[in-house]
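Okay, so chain A shows up in both of these, paired with chain B first and chain C after.
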Partner chain A sequence: MEDKVVLKKMGRRKKLRERIRENPKWQKASTVILPLIFGIILVGLWQGQVLHRLFHTDTFTLPLLDKIGSIMADNKEKLLENTFSTLQVSLMGLVIGSILGYLMALLASFFPKFGQGGLAVIGAFASIPVVAMAPVFNNWTKDISRDASFRSMISKTIVVMLICAADMGLNAYKGLTNLKPYALDLMAIYASSRKKIFFKLRLPNSIPYVFSALKVSVPASIMTAIVSEYFAEYITGVGRQIRENIVLAQYSTAWAYIATACLIGIFAYAILMILQSIFLKRYH
Partner chain B sequence: MSEERNIEIKTRQLGVTFKDNEGKDVAALTGVNLEIYKGEFITLLGPSGCGKTTLLRCIADLQKPSEGDVHIQGMTPKEVRLQKKFGFVFQQPVLFDWRTVKKNVELPMEIMGYSKGERSDRAMEMLEMVGLKDFANHYPNQLSGGMQQRANIARAFGLDPDILLMDEPFSALDEFTKEKLHEDLVRIWKATNKTILFVTHNIQEGVFLSDRVCVLSPHPGRLSAIVDIDIERPRPVEVKESTHFNELVTKVRNSFEGGSV
Partner chain C sequence: MREKMLNIGNKKWFSAVFWILLLLIIWEISAIVVANTKRIPENILPHLYQIIMAAFSGEKVSGELSASQAVLTSAGQTLLRGFLGFILGGVIGFVFALLMKMSNLLGKMLFPYLMLIQLIPVLGLAPIILSITGDINVSRVVIAAILSFYPVATNTLYGFKSVEKEKYDLMYIYAAKKHEIYQKVLIPAAMPYFFIGLKIAAPMAVTASILVDTLQGDGGLGCLLSQSLKHAMSIYTFWLIVFFSAFIGIIISKIIGLIETAVSPWKRRP
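Right, the complex of A and B next:
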């Protein structure tokens, strides 16, 4: 009799746990709650100097969060100025590069023989490390303007552009050509023109692939901008400030810029996710 | 049948040769002479490799014959295709994920440049016909396989084609769904009076649905026999239990050449 009650209780408890786990509301909320809990624990460990003990470091090299926060508040204008500089490069590179990449994919889908080869070349280019590419483009762009800040910006933008173009080109090509079996036959049955096949089939088919490209290239564009700044002629940008401040052993200020870089990345990704949820609503 | 039987599709010595991986010629189809009547439900039946799909694709101008020719209403398949007189139901539903069921059905009408209102009315009419009216605004991934295939059929009927070509449309469906769709298809066929070419490898399916069954044999693909299915319509499902039905199934089975497959 007692055993039965215990069994029953266990059964109910298990059911409850499963019910929570399978609840779609919980599943949705857990994608926010779990990372948040992780973040709070990390903040606690950091501020309580547990991290410092763990990594055998001190509050000079790894400043406490409130210190980083107060430096950020004190240098708001300078931070914003450098953020703008980094964002300008990464956004311009992202937009121009992605458009170029999509156009290349289009070209490749119209002329598959040349196209695939071309995309392979671009892909190979993009796999050159940024640290190797950045100085090359600095050198290339040294004569285009007398304004060091301008030619520096162009050089950085080109590096970002290349990375994003390759990513978009390869993904979009897949999206334009990776059609459902018989989809082209279906269009042929209705004697569709190439134009209609493009607008009714290939273009919409490529949209999810565009977003998978952006999921990589949005963070990559920021990362690339930051790394390119290290090598740029003109001293500006979040990445460059990290380097300058580390060189001067101003670790708190460097950390303020590192935090800024993180925030830029998180915000950019969040915006992308919102856009994706709008544009891919219909794709399921 | 007392009415005059007009020949709608005629193939003459139709043959298709493919190149295999080693560049050798492989005959997928040889010497097919076939006359299909207007308004007929005709099945191309055979095991895989017998060229039944190839024959269907030749008629639809999705495949160029290597020899012989096809005449449809006195025109070439290409002319008929350009006039959009074909409806084609593929083995897979080929619905576009980003369109609702209704928008998928509207696709051919969009390509044809029908007005928005006309498209919408016609699509709803077609969806009602296949029993999907309540799912018009669902997306394909929200539908079961059977429902997707219904949507596919609704789309094929949308342009009111003269000739409906169906390539193993129900082969991926379970028996219950299949039987229901058989019933629906015959009803729609009777109501619309289309010529239907139906490809299948299922003998019972072919016999149950058709006026005539064309038996194709493989290696090389060829037309071995044409069996008249003289079962009265309408045919209830119970017809499948009858002696005559089973005699016809046996007759079809014995028409295959080249022994067991």
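Right, the complex of A and C next:
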């Protein structure tokens, strides 16, 4: 693209606008400044109640941002408690599910004939809506324990686990089998054993795919945890609190929980990005 | 004979069928175990034939409707709106990604927010949207649209960005106009990504529209679901809904796959 610009503009002085646009410093700064401007406009519209007029609503259903902030500060302990319960479910489900998914992908890559069909069936699980799964596992876990909070947690975790396992299984299988052209031939020339091929070629090749699976399943695990809280027996978690507060018509408290849920999602994603930059260093 | 057996074993569909059969067998065995140990087995794990029988029995569960009639009528209410939202969100998502690609300013301004919106649990917003719009049908459409919008938008944008520099260079050599570059290079390149986005969005849209039903007792699949869970009607209605929505989710992603092969000729190459 650079060459094209030079060819076109030869023999003519650039306009100020173009010179600014092509300045590398501005290019770097603009990726921060432009979103910031948009954010400030958005906050301004919200606080100035322009959004309310747009959606034909009032500050009761859509409270102002400073009100949400002050409620969050007031209810810190309750918020933390519910955040912990949601995080526990989504993290446990994510970890167990991802490990299971990866193991399934490993099995499928060892026995491709039967594995592919198995993965197709598991992929079908991923397209089952969460609302259909959550009540089933609620019923199944009724007898696990007498403690309602414990058995609710288990059933929520299983739902998250299934979603994450399907996602990880499909992606990791791609990573284990989508090798670069001739990579297998090269390994054959080196007369490497199956074990060597696996550890030196397939395993490293699957790592970027693992992260692309996690990029989907980290937000999905939080979303799934929140939805399955709606159906759970024991009333806990950020998602359930959103609903309970809406039923009580306490919209500003519900918004405080929504904001918390967003913060959880953003933090989880940020941590994932940091991990990715550490693990994928050698791939760049 | 042996060769024939081996041939069947090599077919792609065979292993899928094998796994499905295995799952069914596991289900039935556990159903037998549950039936012998639990007090109310149909709450936990009924036999599959019981569910199928419930689907075809003419017994009235709510008013004049039999179980499958009730499920299908309320599914019509719920899923049509969900589907409308899904289409709407898909189209808006695609246009949005296209605009972000075409305008540098817009792209840079909105990109971080597109990433952020993924992390907002939109389903958590469902009750709020219901109270803002006030009408359950409108909020079904809105939520399904929001949920379908962002996977489609992000994936399509990735698709636009995945086009290599060499292709732009080639189009420059051909003296292609801007709209031709979009038409011949960028949009076809983004198509597979667009369909990935749709496939992610479809089950979420179904989930969303069912979930919105449970918030207000106004008919619809979700409402039926919570009623049958509370034993207001036969528990088999619940199992029918579970299987039905799972079926819908799977079928939709299969249909999207078919549409994908229909509109992308390069996928049909053997």
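Details
Heads up, the rule we're going with is that the second predicted complex is superposed on the first by the 250 of 284 C-alpha atoms of A that agree within 3 Å, B and C clash if a C-alpha of one lies under 4 Å from a C-alpha of the other, contacts with A are read in each partner's own complex, and residues count from 1 in each chain.
Note that contacts are C-beta pairs under 8 Å (C-beta built on N, C-alpha and C of every residue); 3 or more make two chains touch, one makes a residue touch a chain.
Just so it is clear, the structure is predicted and the values come from calculations on it, not from any experiment.
Aligning the shared chain A places chain B and chain C next to each other free of steric conflict. Legend: residue contacts after superposition of the two complexes on their common chain; A:67 is shown touching neither chain B nor chain C.
Taking Cα centres throughout, chain A sits at the apex of an angle toward chain B and chain C that amounts to 90 degrees, reported as a multiple of 10. Once the two complexes are overlaid on the shared chain, A:207 sits against chain B while remaining clear of chain C.
Contacts of A:128 after superposition on the shared chain: chain C is touched, whereas chain B is not.
Between chain B and chain C, C contacts the larger number of chain A residues.
Contacts of A:185 after superposition: chain B is touched, whereas chain C is not reached.
Residue contacts after overlaying the shared chain place A:226 against chain C, while chain B stays out of touching range.
Of the two partner chains placed by the overlay, neither chain B nor chain C lies in contact with A:78.
Think of it this way: put the two complexes on top of each other by chain A, and the tightest Cα contact between chain B and chain C is 10 Å. Overlap of the chain B and chain C interfaces on chain A: none, as no residue is touched by both. Across the interface of their complex, chain C is touched by residues 1, 4, 21, 30-31, 34-35, 37-39, 55-57, 61-62, 113-118, 120-121, 124, 126-133, 135-136, 139-140, 142-143, 216, 219, 222-223, 226-227, 230, 238-239, 242-243, 246, 251, 254-255, 257-258, 261-262, 265-266, 268-269 of chain A.
Contact residues of chain C toward chain A in the complex are 9-10, 12-20, 23, 38, 43-45, 104-105, 108-113, 115-116, 118-125, 127-128, 131-132, 165, 168, 172, 199-200, 202-204, 206-207, 210-211, 214-215, 222, 225, 229, 238, 241-243, 245-246, 248-250, 252-253. Across the complex, chain B meets chain A through its residues 60-62, 81-82, 84, 86-88, 90-92, 94, 96-99, 107-108, 110-112, 139, 141-142, 159. Across the interface of their complex, chain B is touched by residues 180-183, 185-192, 196, 200-201, 204-205, 207, 282-284 of chain A.
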